[in-house]
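Presented sequentially are two complexes of subunit A, the first with subunit B as partner and the second with subunit C.
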Partner chain A sequence: MSVTIQIPTPLRRFTGEQGEVEVDGATVGEALADLTRRHPALRRHLYMDDGALRSFVNVFLNDEDVRHLQAQGTPVASGDTLLIIPSIAGGFL
Partner chain B sequence: MDLPELTPAEIRHYSRHLIMPEVGTAGQRKLKAARVLTIGAGGLGSPLGLYLAAAGVGTLGVVDFDVVDETNLHRQVLYGRSSVGRPKIQAAVERLRDLNPHIRIVPHETRLDSGNALELFRDYDVIVDGTDNFPTRYLVNDACVLSGKPNVYGSIFRFEGQVSIFWGARGPCYRCLFPEPPPPGLVPSCAEGGVLGVLPGIIGTLQANEVIKLIVGVGDPLIGRLLLFDALKMRFRELKLKKDPACPICSANPTQRELIDYEQFCGIGPEPEAADMDFDMTPSELKERLDAGEPVTILDVRTEQEHEIAHIPGAVLIPLHELQDRLGELDPAATYVVHCHHGGRSAQAVGFLRQMGFERAVNLAGGIDKWSMAVDSTVPRY
Partner chain C sequence: MSRLFITPRHLQTIGRHASVSYPDECCGVLIGRCQPGATFVERVLSVGNEREDSRHNRYLISPETVLAAHREARALGLDVVGYYHSHPDHPARPSEVDREQAWPGVSYLIVSVQQRKVADARSWRLSDDRESFEEEVIDQAAIGAPPPAGVPGVHKEAV
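What follows is the complex of A and B.
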């Protein structure tokens, strides 16, 4: 399955400035694992040392938060888009 | 509630609102009765203040404690050259009073904190988050949930923005989406990462639009939806947000019923390095050592773009996020004076280098900015 992952600006420096990465996988977890295989520097920004996804990293499948689906086990289909939504704090400085 | 009448002068000022059926006289009177508090009079606060004042929000509170700086002017359109060096709150109030003398502008020249937030929010109906840091964002969220008020949220970074209305009473709150903040240093601030000047204009204006809709009671408010904007791709996306049934503050069984220490919650403690006398070197000390011909290597951990704007002659550039991978280029026995813009990123780098066995790595206190002020004024400040 080929899935597109949208990379937010703060993480693009770890994907060679690519805003979209095509990956393979049958679930959200597999797709993210393929992403970090292709761009290893991303790993520590997405996962904790024990392999769990960091709690401030939000992953949406199309427009749904995967936490409200089957989390990392959520099946993905060809043509789906995964979005990584970071917390950003700016607005004032 | 009895809505206030409009005076003839107000009718002239708001005539283009009044002739629209969706606003009309009734909607304009609701705006006149409304009390809105904007947190921050910066990038987002500028369009928010201008549009909310222009639209006739009857009581407009502004919280800010900052001073106008030249580097604000590329995006903070409330201010001009003549405002540089003045408290933002003073310059903002003057500008907004000039724009609309029919409303009450309430300046709050203070830093919002856990001790004053609930009391400040008490006199307002809608709170607008235009802040720039995680501790204040969590504070604004929690104080809104505890006081039952909507939090019209906007946030920006470089070319991207996010907008939503977090309202615990009617939908998810900020914590339902972001239960925990990222550790300090992982996400760069706008001061480090930069921001496109028009971006806060777009995002702040979208926030103002949501505020006005909430007050007038028209349209579909952005509750339970997160709007994402990408200025480079020129694309808006909308994500569905749900209330987290385990949310510590807005769920049916909250575990947190009062405000907490948000600096601590965001992992920002007192700097442990401050106690370590050998950790920092002042710019004049570095100058003396260089002049004495001591073998010191200056390591710049800023970005390539920042290095291009200004650098200390002879400095080696390794951006902070590449440091881990490029450690092999450095000699653990050498003396490195590490610098960034103001000293924050370089302190992180020195902490990391020391862990890796670089015992003689020190931090240039105050960064290149202090270097420019104290030692070499030909290095441009930015």
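What follows is the complex of A and C.
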């Protein structure tokens, strides 16, 4: 199943400057895993060492945050588009 | 060392936001253009700190707000090139929390506010290995304007 993942500009140097990557997968988690298989340098910026998605990394499926759906288990269909959008957080302590 | 080109007027906008938000942290989005080694800020988008607690030492820009900023930038033919936030009564240096929640390839401008007055402004970029932040020069001279009187402490080499 072919899904398009839109790559945020800061991360495009890890995808050979591609703004969109076609991946395979039946769920959001599988699609992201295929993305990092194709572009391994992306992995550390999306995932923690334990394999969990970093807390500030958000994935939108056709403009809806997948946390409001079935998170990584959300099914995807051919033609779907996933966006990777960071939340920006921090602070002095 | 990379350079962040930003006008004194935009720095003043950020400084005012940091000052009026004191003692809470403020935050916003930098919109512009980027090329290897140089980032040019053309718009500053001040947004609300979306944290519901600990706003004095934490800030949050939700993904919905980030997405809206990306769309606004695209509509202008520009891009989101960085973010800013303030450190009330603390130095303009990124914390461990800042490092854990950052990506390389964008600028993180931090404004130190001491007792509601802007004391310093520094800009940082995360290294590709995520291990450290590297400081970048804030450059106002190259865009032909003097530094703003209300933003002391901006690097001497940058002005």
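Heads up, the rule we're going with is that the second predicted complex is superposed on the first by the 86 of 93 C-alpha atoms of A that agree within 3 Å, B and C clash if a C-alpha of one lies under 4 Å from a C-alpha of the other, contacts with A are read in each partner's own complex, and residues count from 1 in each chain.
Criterion: contacts are C-beta pairs under 8 Å (C-beta built on N, C-alpha and C of every residue); 3 or more make two chains touch, one makes a residue touch a chain.
Remember, it's a predicted structure, so these values are computed and weren't measured experimentally.
J.: Quick one: classify A:73 as touching subunit B (first), subunit C (second), both or neither.
T.: In the superposed model, A:73 contacts neither subunit B nor subunit C.
J.: Please work out whether A:86 is in contact with subunit B alone, subunit C alone, both, or neither, and reply first, second, both or neither.
T.: Both: A:86 reaches subunit B and subunit C.
J.: Between subunit B (first) and subunit C (second), which, if any, makes contact with A:10: first, second, both or neither?
T.: both
J.: In the overlaid three-chain picture, which partner chain does A:19 touch, first (subunit B) or second (subunit C), both, or neither?
T.: A:19: touches subunit B, not subunit C.
J.: So which bits of subunit A does subunit B touch that subunit C touches too?
T.: Residues common to the subunit A contacts of subunit C and of subunit B are 8-10, 13, 45, 54-56, 58, 60, 65, 83, 85-93, listed in rising order.
J.: Which part of subunit B faces subunit A closely enough to touch in the complex?
T.: Interface residues on subunit B, with respect to subunit A: 40, 42-45, 66, 129-134, 137, 154-160, 162, 177-182, 186-191, 193, 195, 200, 203-204, 226, 228, 232-233, 237-242, 244, 321, 325.
J.: Over in the complex, which subunit A residues touch subunit B? Could you list them?
T.: Against subunit B, subunit A makes touches at 8-10, 13-14, 19, 41, 45, 54-56, 58, 60, 63-65, 67-68, 83, 85-93.
J.: Considering the complex alone, what residue numbers of subunit A touch subunit C?
T.: It comes out as residues 8-13, 44-45, 54-56, 58, 60, 65, 83, 85-93.
J.: How about subunit C: which of its residues touch subunit A in the complex?
T.: 25, 27, 29, 34, 51, 54, 57-64, 66-67, 70, 79-80, 83, 85, 87-88, 90, 94-95, 97-98, 101-106, 108, 129-130
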